[in-house]
Amino acid sequence: MNSDLLLQLNNISVVYSDVIQVLKGVSLSVESNRIISLLGSNGAGKTTTLKAISGLLKPENGKVTDGSVLFDGATIQNAAPEEITRRGIIQVLEGREPFKYLTIEENLKVGTATRWMKPYRKDLDMVYDYFPSLVKRRKTLAGYCSGGELQMLVMGRALMAHPKLLLLDEPSLGLAPLVVKEIFRIIRRINREQGTTIVLVEQNANMALQIAHYGYVMENGKIVMEGAAEDLRENPDVREFYLGMGAGGTSRSYKDIKSYRRRKRWL
Amino acid sequence: MRTIKFHPCGNFKEHYEQEISIFETDFGRLWMWIGLLCLFGVLPFISGEYFLYVLNMIGIAAIAALGLNILIGFTGQISLGHGAFFGVGAYAGAILATRLGMPFWLSVPAAGLVTALVGMVFGIPSGRLKGLYLTIATLAGQFIIEYILVHWESLTQGTMGITLPAATLLGMEITSDRAFFMVIYACLAGITLVTVNLMRTRFGRAFIAIRDNDRAAEGMGIPIFPYKLLSFAISSFYAGFAGALWAFYSISITTEPFNLSLSVEYIAMVIIGGLGSIPGAIFGAVFITGLNEVLRFVTDMFMQMGLSTSFGLNMAALREFAFGLAIVLFILFEPKGLAEVWRIIRSNFRLWPFSY
Amino acid sequence: MDFFLQLLVNGLSVGLLYGLSAMGFVMVFKSSSVLNFAHGELLAIGAFLFLVLSTWARLPIPAAFLMTLAGCFVLGFLVERIFLRPLIGEQLIFVIMLTVGLAAIFKGLLLFVFGGNLHTYPVFLPEGLALHLGAIYVPPVYVASSLTGIIFLVLFGLFFKFSPQGIFMRSVADNQRAALSLGVHVKKVFALSWAIAALVAGMSGIVLGIINGISVHEISAIGLKVFPVVILGGLDSIGGAIIGGIIIGLLEAFTGGYISPSLRDVVPYIVLVFILLIKPYGLFGLVEIERV
């Protein structure tokens, strides 16, 4: 086994409300200081995978019924989110979810919940360094900020916790292309400078594969493909389904795509 | 030719009619007839005066509890004013009988109708808001009604109370406990039948849909507000009906009993009996009324031992405490109530001796 | 005119207390969506605990006061831990019913121990605390109650604005999922909000006891007035709770003074029904910041 393996999912199954099975045996491993990207269409189980790691399944009546989640050598499946976050896993939720009635700075302070006795001045400065546009908004209620600012806010909020592993769920959701570019640049910078391991769930596969080191593709609650980011970028199936390009790099007629056949093969 | 079934073989149904049938087997129907026979033919003639009194109180409470269960258990709207509505019924019955000289058989249902109207007034906020607000509105209703009962002296004679004429039915005077037993339990049987069937209709299903998810219910084309109001009216009608029966039974009424504690008592019946279960409401009424009598007995015993004066022990405190404890324990340990306990016992018997 | 001013002063100081105790109620509701019907009993417990400590145990008044608050704090904590935590995630109806049951238990216990009679505290507020504003006389009780009320308000304001725990509590009220994802100990926040609610309720109970004397029925009935107060102010607005409390206090004082003393206790509920019919989310309910 690799010594700097930070997180390992061994064949986990997740069931919601005791009946709805969403993950059907997902295994993946994440090495330290890497960016891993998790791709897949809607409903493939990407978000559920993240929640299974961060322990946020519980409030939604979900449960890891099989398999194990290993983080830093400890099994953490079905542990309480309070405990998992204190081990250093922070998830940034899809759709941003700021505290609308708290100011930007108060939002950031909530990020220190896992270690709230310690001083946090320096961390605030660090976050403002990564996200300079938050500085002038620090006294504004988060509910009145723009989508881009909110995405930066929730990422900064997560950084305040000094996570070893950051789970980012669709950071580009609903943002302008330029802002998306900015956000991805910052994600890479965080990974490089802080040494934070990042698991990135994205629909924007092109962007995600550009900054990631390794990628997994999910379909119907299973991992159907994995590989180094460069390889995935070159893979004809991924190119066709996620990067929107035909095998030759030119757009093709719908008649030729026959995507249902391709998908079928994956299942 | 229909076959007579005495034992369900597994839980399967071939027609939708079977889903909504009252009795799963003919055995159940048989038991019902035997039960009714015992209830009317045997019980009143073997039990003494005091026991009959307790049974009558249970019967009255069961009618009111059935009403509250329609509201809380089936429609999911919590009411903290059921005691006050019971009081409205009692006073409406008394006033109709004394002022307008209405006969017994007419004034009791009329009192129910009056209460239904009053209940609907306090049910109006439910149309605009989530369940919580209705609960608060009924709490307000409880206090406002109490105040009106005490202070509208020209109508209710305030704290002096009203004395009712003796009840007559079909030319017969109903004064003895036994006669009242017959009347009360006939009403209870009738009302139970109505309730069971109500829940099998469009209305009952709409109530349950609203309880489970009011947004989804609305999406399926159920107009929420009229149905909530209807549920409220039905529940108040039952309370009023029971209240009027109670007024005639106890001959003279005052404003005192209809306080918040009474409302809590009814909630306790519904919770302990089992939310959303018709036999549950009756079990709850039996349990709480029985508990009441046991507590009365216990306090009497303490009184004789001379503990009460030195210790400040009194009936009210003990009752309050016991009801609260019963509610809390049932919620924590058997939230489905006595109805569930009964179901478990029954299925144990049915499967005996191979109960696995 | 003097009568009017007198009523104004009385109404304001009692209203401030209503507002304070409603604040605890709103806090519990905001963080855990529990509608606490045992709030009145929490007030009564505070009042009686103080009675026991100050007259039966003969502790000095400040010590008794602080110990009562500490006791209430612990009680609130325990109530959450023992009774409400098992119900997290259960249907709302059971949670509400549970608080109704708790109310009955507490009331029964108090009646059991203290009986239904009126008790009074010894007089301990110095007459020098009284204010003479022109012709109106403000009795020391009112001065003391307003002072404690304002002090508590400021303290809690600071707590929620600046302390980490205060910010965590607000974050849970705001977005429970997000708070959970950041490692905020949501259950601890629930427990803390119950503890603080009980503490504030106990404090209000003591002061109301000084003003009116203490009897179980009276004080628990006063406790139920948090409902008109919070409906008036909006169920989820702490600031609204204070303003709602003051309005209800004034309303009661004026109805009692000008119309009829017996109407005094019902008027808040009549207002409540009207508010529910006309402006359902309260006068000061939070304007929802909604983003789609």
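Going in written order, the chains are labelled A, B and C, and every chain counts its residues from 1.
Operating definition for what follows: a contact is a pair of C-beta atoms (placed from the backbone, for glycine too) under 8 Å apart; a residue touches a chain by one contact, two chains touch by 3 or more.
Keep in mind it's a predicted model, so treat the numbers as computed, not measured.
Chemist: Which is the least count of steps on a path of touching chains running from subunit A to subunit B?
Modeler: Shortest path length, in steps: 2.
Chemist: Contact counts by the stated rule: is the higher one at A-C or B-C?
Modeler: Looking at A-C and B-C side by side, B-C shows more C-beta contacts.
Chemist: Give the label of the chain whose average Cα location is farthest from that of subunit C.
Modeler: A
Chemist: If I average the C-alpha coordinates per chain and also across every protein chain shown, which chain's average lies closest to the global one?
Modeler: Going by the distance between chain centres and the overall C-alpha centre, it is C.
Chemist: Could you tell me the distance, in whole angstrom, between the mean C-alpha positions of subunit A and subunit B?
Modeler: A distance of 54 Å separates the two centres.
Chemist: Rounded to the nearest whole Å, what is the centre-to-centre distance of subunit A and subunit C, using the mean of the C-alpha atoms as each centre?
Modeler: 44
Chemist: For subunit B and subunit C, what's the span in angstrom between their mean Cα positions?
Modeler: 33
Chemist: Where does subunit B touch two or more other chains at once, residue-wise?
Modeler: There are none in subunit B.
Chemist: Residues of subunit C touching subunit B in their complex?
Modeler: Checking each residue of subunit C against subunit B gives 35, 37, 83, 86-87, 90, 92-94, 96-98, 100-116, 224, 227-228, 231, 235, 262-263, 265-266, 269-270, 272-273, 276-277, 280-281.
Chemist: What residues on subunit C touch subunit A, complex-wise?
Modeler: For this pair, the touching residues of subunit C are 89, 164-165, 167-168, 170-171, 174-187, 286, 289, 291.
Chemist: Where on subunit B does subunit C make contact in their complex?
Modeler: Within the complex, subunit B contacts subunit C at residues 72, 76, 78, 80, 122, 124-125, 128-129, 131-133, 135-137, 139-141, 143-144, 147, 151, 261, 264, 267-268, 271, 275, 312-314, 316-328, 331-332, 335.
Chemist: Any idea which subunit A residues touch subunit C in the complex?
Modeler: My answer: residues 54, 56, 59, 61, 81-82, 84-86, 90-93, 97-102, 106-107, 109-114, 116, 141, 143-144, 154, 157-158, 161.
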